[in-house]
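Next come two complexes, and both contain chain A; in the first it sits with chain B, in the second with chain C.
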Partner chain A sequence: MKIISLASTLVALATPIMADTTVSFAYWGDPAELPPFERLVAEYEAANPGVTIDVQHAPWSGYWTRLDAQLAAGAGPDVFFVTNVPSYAARGALAPLDAHINASNFPINEYNQEALRPHSYDGQLYSLPRDNATLVLYYNKDAFDAANLSHPNDSWSWDELSDAAKALAVSSGGRTSRYGIVTESNNWDVWVSQNGGSIFDDGINPTTFKLDEPAAIEAIQYIGDMMNVDRSMPSYLEASQSGGTTQMFLSGQAAMSITNAARLGSYAKADFDWAIAPLPKGPQGLRSNVVGGAGFGLNSNAKDMDAAWDFLSYISGAEGQAIFASAAAPAVPAMNGNPMVQSSFSAPFAEVFLSETDNGKLTAQFPKWVDLQNLYIQPALDLVWNGEVDAATAIGSIADQVEAALAQQ
Partner chain B sequence: MIRRKTKKSIVDWVLFVLLLVGALATCGPFAWTLATSFKPDAEVFTYPPQLISSNPQPGNYVDLFLTLPMARAIFNSLVVVTSITILQVIVCSMAAYAFSFLRFRGREALFVVFLMALMVPPQVTLIPNFIMVRNFGWIDTYRGLILPFAFSSFGVFLLRQYFLTIASELIEAAKLDGCKHWKIYLFVVLPLARPALGALAIFAFVSQWNNFLWPLITTTSPEMQTVVVALSSLRGQFSTDWPLLMAGSIVAVGPVLIVFILGNRSFISGLTAGSFGGR
Partner chain C sequence: MKKIRRIFGKDIGAALFFLMPALILFTVFTAIPVVAAFFISFTHWDLFRPPTWVGLDNYTRLLHDPIFGKVMKNTAIFVLATVPLQMGLGLLAALALNRGIRGQTFFRVAYFLPAVTSTIAAALVWSWLFNSNYGLINAGLSMIGVDNVPKWLASTKWAMPAVIIVSVWQNVGYAMVLFLAGLQNIRADLYDAAALDNASGWSRLWHITLPMLSPTTFFVLVISIIGSFQVFELVFIMTEAGPANATNTLVYYIYQNGFQFYQMGYASAAAMILFAIVLLITMVQYTTQNRWVHYDT
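And then the complex of A and B:
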């Protein structure tokens, strides 16, 4: 007994005054996305003896169920990966970061300022974006060459895109065996802003609904026409049933695909040549891209707030961002004002991703946005995507309801 | 006679066709899962659909074990699910014994309360259970995965209904021979209730093997994940690795199939083992 107590006294003396701290850290990711997270944790622990990072990984499909249950029970990880930041901030689940940022001189100015907007609520920043889900145009070079079409380039606008999509579409026996292009259902708003339209007067503090104005209607109709008139793009429903942008592009069922850098991994397995081009310009020459990506936030219940912030400021600082940007499945860095982060972004066609990130434009991100979409906007858009009514009628029929819902908040 | 025979064979044929449709409807998705588990990624959604891949990839199964800690996850599932099954059979059979053979005040009322617990969906009790398990410090442990399921009101209900069909003469005979409740429970009721116990065991095993929500919420490290939770990590935010997911599903379905086949043979045969030959 004496020996044991002597030994434990020695151990206690040998460790620094700072007692052992544990910071729990939760994130999602499929197996290919995990290495940078693991590397970050290992490097942080090596640099900070006495601090243990308790890693809580969950797959994307179950992450939110677990996080919401933990938060509802007043628990949850100290630092967590999060999207839909305003709704978590409004619930009081996230701690505001501004005071920590000021106190520790965190280089917040090196972040893409537009990319920070979806991570704030009520004038305070609640999370730091890991990346931006920047969209690019992937195209099947072999299909373009076989059809004798010139490859997409940075001078393309909507007309070139829809003409090429139409020329590449192949139908046999009443069924389209290859579409010109496949896109993702949650990115329809990019087309609206490329045409100079918007969903609301202000994406963060909306007061008026603007989706019923001509510029926005035209953009929605443009998508709808590619689906139902040209039949060069599958409806979002059909695309998801056929495996989405991953499967349709890989299996040659679509010759172009507009999606983000997360596809680089699966497209690397393609048995044809492909390349990446910027998104086309709108008819008036406007460029636009998505803003938004998951970020890292602080749990308002964190036991040791300072230790949690210290870890957060490491993963969201230049070193952490560089690790994410240089991973095998690279994330387009949100801290794109930092030269070290920029140069470590190692994706193929990196320059296209970086320049397109600068075109990012926030369309809507506020606590009620998810409800407004589910209740009004999505059902109306579905009518257009299915070719049942035109965009003006569909959007016009919900404008009053959305205005009323906005006035309520 | 002859007419009767043809009539009977027509009925047989109709039954046969109906059963065939049912069998195809159940086996079809399984066959598709098996076929997809051997396909390369690009062939999963080809049109027209092809059952057999032109370029089979048995390596998918190797990749599965390389990308996920599958062996550990299967071990965890076996430990957790077997423990739950054994505990449920013991606890539920004791409770059912009390509800069937012990006379005490408020017995029927208490039983109704148990039945009401059957009607509360598990989502409602999720957060309270989670808070409790967290306060015990059981997050990310086998205890936290097993003990909340040691009891099931469905199991008590099922066994009580079966126990009530046991002839009271047998119980009385045992009492006359000087048996106390423990002996009656162990040597009379349990052997006679083998089919019901078997049914409960199969049911508990299969439903717990497929349980997703609780293991997802109460495990935080990959070392504690069960098979179903581990497999769900193949469904990413932006893409799903279908061939690996299907290979994983085939692997995960194995233990359930084995339990079902073994269980069917040994337990259902108990149905014919009667106690009163002539009744």
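And then the complex of A and C:
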């Protein structure tokens, strides 16, 4: 890296007219997710002669170790794909984007405004979301028909969902051979907001812990009961040991699956008929979905900040968003206020994904969120998921500790 | 330095030259990081911004951290359960396979295989075996009539025993190989003399085998304890310290604080505690060894 930047500096000094710029760009992804990234880089380089994009790709598992080490050394890629944005912003690794956005008239208003919130810290925006990890309800039509159940539709609420899940679950000799539904472990907060509850008073600047209030407790218990009373949903641990939402739905071990658009690719290979419905409403008719997905940030140590911003504004602009939205593994666009981006999102059941994206609601994203989740909230919820303790007791036992940790921030 | 010179004489230059590759690797990847961690433990450091000196703050915080208390307790339980089990079973296997039974090469390989199997792969397979719904273990338990099968990795009661079982399974073979080597170093004339005195099998085991094996036992004890304190991969793959921190152990907690919460100072302080505990235990073992370890052959 040092040599490349030294070389490009020398070249820039020697030939001021044909200035040669290199912008390094890091992202993760499975092979199936890479084509849109590669296309973006190729098209940007073609449109900007003299600019080279130095691509640093790594699979998810190795990405963070390398990125953290590079950033710790004061180096790292100029533009990088990132999650947990406030944690990186608070530690000074990301450059604020607001000044760049204003100076270049970037169409930030075409972004889903709620989807921008998890990418901000202390009133400034630090990254631009590539997509929104919108959840939908995938269901196995054959399983519903065989059980003579009516298919999920947009009028469903929790009761219909848990009744159907119970009816679809098959067990013999104390062992379940098919669950009614499988869900993603990190999305329990969606149920909380569907029931009118929340984790904190404010997801970005929290001062009070609200997960111990009745609406939230009820939602957590609803999930726990599906796992331990109805036995219609595997615990998150069992689901992950059984291959998660991908394997369990595909192999027929679960008749419904609540997950995001990333599963479209693998579910296309299913040997049964399936379809997609919106998430059910909460008992009071509230709709809610997740907000946020990974975004693109600017290294605060970027060598050529303007060049880096120019590339970032391209991949996060209408053209870049359209490329991601139209990829074979489509991403639900976060810039859904732009007609071109919206029309290029041509995934199956696109209208369900787009309407559900509008229900996105931020529950928590701030620098200490990872710590609080791992130290207190996750261990308490573990006890509800495995049926050892009820939700009120489990969450009640950590409320004081979380409050104390919030006060310390 | 004097001692080194006495050993190598005027060849010290050549000696250092040949030691260089190992010395450089040790210095760069072990010595410097250990010394650095010692200093980092007196700072707050989030990896990106420069560290700030906070004196003993991290250590006092550790004292009042209820999760660290639980982690210490879990680690103690893990060490106290795995060390005697893997040593006892390893010794039994070694004694059984030292008698020239048929197929002993096969059994030696079979017992040693887990020790050379990738921990990650083994932990994954064991997770499936322990799966409370589809797993083979619970299928077997319900077949022999156990009604209330444990939830293993999902249960606060059974997750730690499950991790202990896998750890013992993995380490028995290593202890066995060391014990086997030790057994084969015991002079045959001792047993011949005992046979002349009509000593029983038990008394030969008690008065010859175990005392003569004690240097090996001592070595296995020291490395088993150190290895047990450092358990990480099994926890990482099988339980991620859950449920409810029931399997959170020292090295996993160090990893969490360092690389999930970016509290390098706090993680380093916990690492120093681990270092101190292991050092202390090892020193106690060395100073008490002359009461039971016999080096005469």
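Definition applied: the second predicted complex is superposed on the first by the 392 of 409 C-alpha atoms of A that agree within 3 Å, B and C clash if a C-alpha of one lies under 4 Å from a C-alpha of the other, contacts with A are read in each partner's own complex, and residues count from 1 in each chain.
Please note the rule applied: a contact is a pair of C-beta atoms (placed from the backbone, for glycine too) under 8 Å apart; a residue touches a chain by one contact, two chains touch by 3 or more.
As the structure is a computational prediction, the values presented were derived from the model and not from experiment.
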Overlay on chain A: chain C relative to chain B, clash or fit: clash
Partner chain(s) touched by A:Lys210 [first = chain B, second = chain C, both, neither]: neither
Which superposed partner A:Val370 touches (first chain B, second chain C, both, neither): second
Which of chain B and chain C A:Glu238 touches, first, second, both or neither: second
Chain B versus chain C as contact partner of A:Ala270, first or second or both or neither: first
Touching partner for A:Ala72 - first (chain B), second (chain C), both, neither: both
Chain B versus chain C as contact partner of A:Ser87, first or second or both or neither: second
Contacts of A:Arg39 with chain B and chain C, given as first, second, both or neither: neither
Chain touching more of chain A, residue-wise (chain B, chain C): B
Which of chain B and chain C A:Arg175 touches, first, second, both or neither: both
Superposition clash, chain B versus chain C, among 38-46, 56-64 or 92-100: 92-100
Chain C-contacting residues of chain A that also contact chain B: 65, 72, 175, 242
Residue ranges of chain C in contact with chain A within the complex: 46-49, 67, 127-128, 131-134, 138-139, 142, 149, 151, 153-156, 242-245, 256, 259-262
Interface residues, chain B side, partner chain A - complex: 41-47, 67-68, 126-127, 130-131, 134, 212-213, 216-217, 220-222, 229, 232-242
Touching residues on chain A, where the partner in the complex is chain B: 24, 26, 28-31, 33, 54-62, 65-66, 69-70, 72-75, 175, 177, 242-244, 246-248, 250-253, 259-260, 262-263, 266, 269-271
Complex interface listing, chain A residues touching chain C: 65, 68, 71-72, 87, 91-93, 173-176, 234-235, 237-238, 241-242, 370-371, 374-375, 378-380, 382-383, 385-386, 388
